[in-house]
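Labels run A, B, C, D, E and F following the written order; every chain starts at residue 1.
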Amino acid sequence: MTSSKKIGITLGHTPYGSDLAQEALDATLAMGLFGQDITLIFWGDGVFQLLKSQNSESVHQKSLEKQINAFELYDIERVFVCAQSLEQRNISTSSLCTDAECLSPTEIQKVLSTQDTLLSF
Amino acid sequence: MTSSKKIGITLGHTPYGSDLAQEALDATLAMGLFGQDITLIFWGDGVFQLLKSQNSESVHQKSLEKQINAFELYDIERVFVCAQSLEQRNISTSSLCTDAECLSPTEIQKVLSTQDTLLSF
Amino acid sequence: MIFSLLVLSPPSSQASSSAYQFANALLLQKHRLYRVFFYHDAAYNGSSIQCIGQGEFDVAKEWDKLQQQHSFDSVVCIAAGLKRGIINKVEALRYEKAAHNLRNGINLSGLGELADATVKSDRLITFGG
Amino acid sequence: MIFSLLVLSPPSSQASSSAYQFANALLLQKHRLYRVFFYHDAAYNGSSIQCIGQGEFDVAKEWDKLQQQHSFDSVVCIAAGLKRGIINKVEALRYEKAAHNLRNGINLSGLGELADATVKSDRLITFGG
Amino acid sequence: MSHSILHTVNQSPFTHSALQQCLCYAQESDSILLLENGVYGALLKHSLADKLSGKKCYAIEADLKARGLLGQELTPHIELIDFIYFVELTTQHKLVQSWY
Amino acid sequence: MSHSILHTVNQSPFTHSALQQCLCYAQESDSILLLENGVYGALLKHSLADKLSGKKCYAIEADLKARGLLGQELTPHIELIDFIYFVELTTQHKLVQSWY
């Protein structure tokens, strides 16, 4: 049971309004360090976490970009972003800081259903 | 300046999801005790604070109804509720626990503009 | 089944009380509660110096009672706790703070405990907002 | 002009940092800051035992510095503070708590101070969310 | 049932998009549980209410009661439950997604 | 100007109704300031954006910068400002209403 657990982490909140997104990514990296099989899903306002050129020094906060860039180091390779959420927010995929795979809500449903557990951030 | 200040208190949040509404009404009564000229405006999800038959014991919280019933005791007589917010939430005025005066958004604009200061809850 | 809870909400939010009620209900049904992990603003639930009025619902005290009856693991994330001022004696010494306020029965520990709980539990339920 | 601020947000919310930045900006412009009233989850801003990492922005410390320069009144609402575990020595004794954690320079006081600030200030600005 | 998701929603649909988003990703076989401020969803009419009625939908009765909603006209087909049943729902579904 | 209201909005319009509600009660002569998550309002197109463009609208530049929005196509007629100017706006308006 332990070694093969598929853990889906869903990220739905904006990056700097509170430190929830920051702490969610900290938790994600900790799960990665723990050797778990992790799938990340950015949807809703969570897609804003992936925007490039974030300069969080201007609001005295740590950047999320460091953590997002560390995904590979921690063997977190399945990173998905909701295409519909991007479209509703007028964000093009060329504006993203990482090459997350764009999925439709229906495709996201399928990804969710293959997980063994979900952490909702 | 001190004796004649008109203070508008706007209440826009739900009653029990957090204790913000509770604390907002505590602040309102304190302002009343201080002898200020107070106008209350319930709008948005704040109109839910005025629903009758709230039984907050079932979620282990204090009821807002006591505070709302205390308005008169504290000489808080101008209590307005947004008619449009009620309508959007499918709440009829007969469901309210106090006889707040229903105003349209345009009428609320006029009430706001006669205040000297606003507290936004 | 084995459950763990991830709690993200401060005491002022009803979600922290829902988490408690969920824990209570699952234990009543003879499920097992492996760990409650307090993270983000839920770290504030770990304070030992909250002064709740008589007759008011004291979630912290209810958690204590439940834990004494059922001995599950209760953790405040150390990173979340430190920056919010929820600390134990060791950290108070390390950071040269004049007081500490972590409740008895709660551990201040790392995110590895969340990962461990996720792996070891059949269900992990998130309480946020 | 004379300003007062009503702050409702915990340190984890950007609104608490916006309140500080607003206070800083108004004082730079030679306006007067009469009182900052920390209410609701903003009471947590009054903790003296928050452990902020080096190089990270410590809003509490920034408030301290600003207050030392400009000596405005800083109040945590006593009712909001007590239930959240932000207390001074007097309240710790009264409630038989083993620790107290209210920052120096901040008063634990009642809602009358908010009413007073509202009356005595030309502008009262709310920072919530 | 065992491969489906239980979605919990605890925000008011009149100010927050949590329920709307939940409905966007919920499958036919999924269930939805309204709790805390989420129970204001039981006042919905029209489009969102129709979508809600299309799924298996539950709401915590104590939360409706606290908010004075039991006397109101509620969206049809919402089953009122307690925390014991909430726990049972989490055992009947493989996954739980919390929307807040 | 002196009898008008400065409305501050600090929630994302994509998940929260704060901006929409603000626009419902704001008069012609009122001003709107987007800050914190409110600055995502500068990404709006269509109906809400049109309403926003009809008012005097400001946004905190540091908040746009932090969120990586300065390179994006922004709603026209939003003036980018700092906290010094925010303070000035509060002195130029008689009232401030915070939407959050």
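Keep in mind that, in the parts below, a contact is a pair of C-beta atoms (placed from the backbone, for glycine too) under 8 Å apart; a residue touches a chain by one contact, two chains touch by 3 or more.
Nothing here was measured: the structure is a model prediction, and the numbers come from that model.
Colleague: Could you tell me which chains make contact with chain C and chain D both?
Modeller: A, B
Colleague: Count the C-beta pairs in contact for D-F and for B-E, then report the pair with the higher count.
Modeller: Answer by contact count: B-E.
Colleague: Averaging over Cα atoms per chain, report the distance between chain A and chain F in Å.
Modeller: Here chain A and chain F have centroids separated by 28 Å.
Colleague: Any idea how many Å lie between the Cα centroids of chain D and chain E?
Modeller: So the centroids are 38 Å from each other.
Colleague: Quick one: report the Å distance separating chain E from chain F, using the average Cα coordinate of each chain.
Modeller: Here the centre of chain F sits 33 Å away from the centre of chain E.
Colleague: Give me the residues of chain D that touch two or more other chains.
Modeller: Expected reply: 12, 14, 40, 56, 123-124, 126, 128-129.
Colleague: For chain F, which residues are shared contacts with two or more other chains?
Modeller: In chain F, 10-11, 14-15, 17, 21, 36-37, 96, 98, 100 touch at least two other chains.
Colleague: Show the residues in chain B shared as contacts by 2 or more other chains, in ascending order.
Modeller: Correct list: 16-17, 19-20, 44, 59, 61, 117-118, 120.
Colleague: So which chains end up touching which?
Modeller: A-C, A-D, A-E, A-F, B-C, B-D, B-E, B-F, C-D, C-E, D-F, E-F
Colleague: Which chain F residues qualify as touching chain A in the complex?
Modeller: Residue list for chain F touching chain A: 10-12, 14-15, 36-37, 40, 43-45, 61-63, 65-73.
Colleague: Per the contact definition, I'd like the list of chain B residues that touch chain C in the complex.
Modeller: 16-20, 59-62
Colleague: Contact residues on chain B for chain E in the complex?
Modeller: Listed in rising order, the residues are 14-17, 44-45, 48, 51-59, 61, 88-91, 95, 97.
Colleague: Which part of chain F faces chain B closely enough to touch in the complex?
Modeller: Of all residues in chain F, those touching chain B are 3-5, 17, 21, 24-27, 94-100.
Colleague: Note which residues of chain C are touching chain B in the complex, please.
Modeller: Listed in rising order, the residues are 12-14, 17, 56-57, 129.
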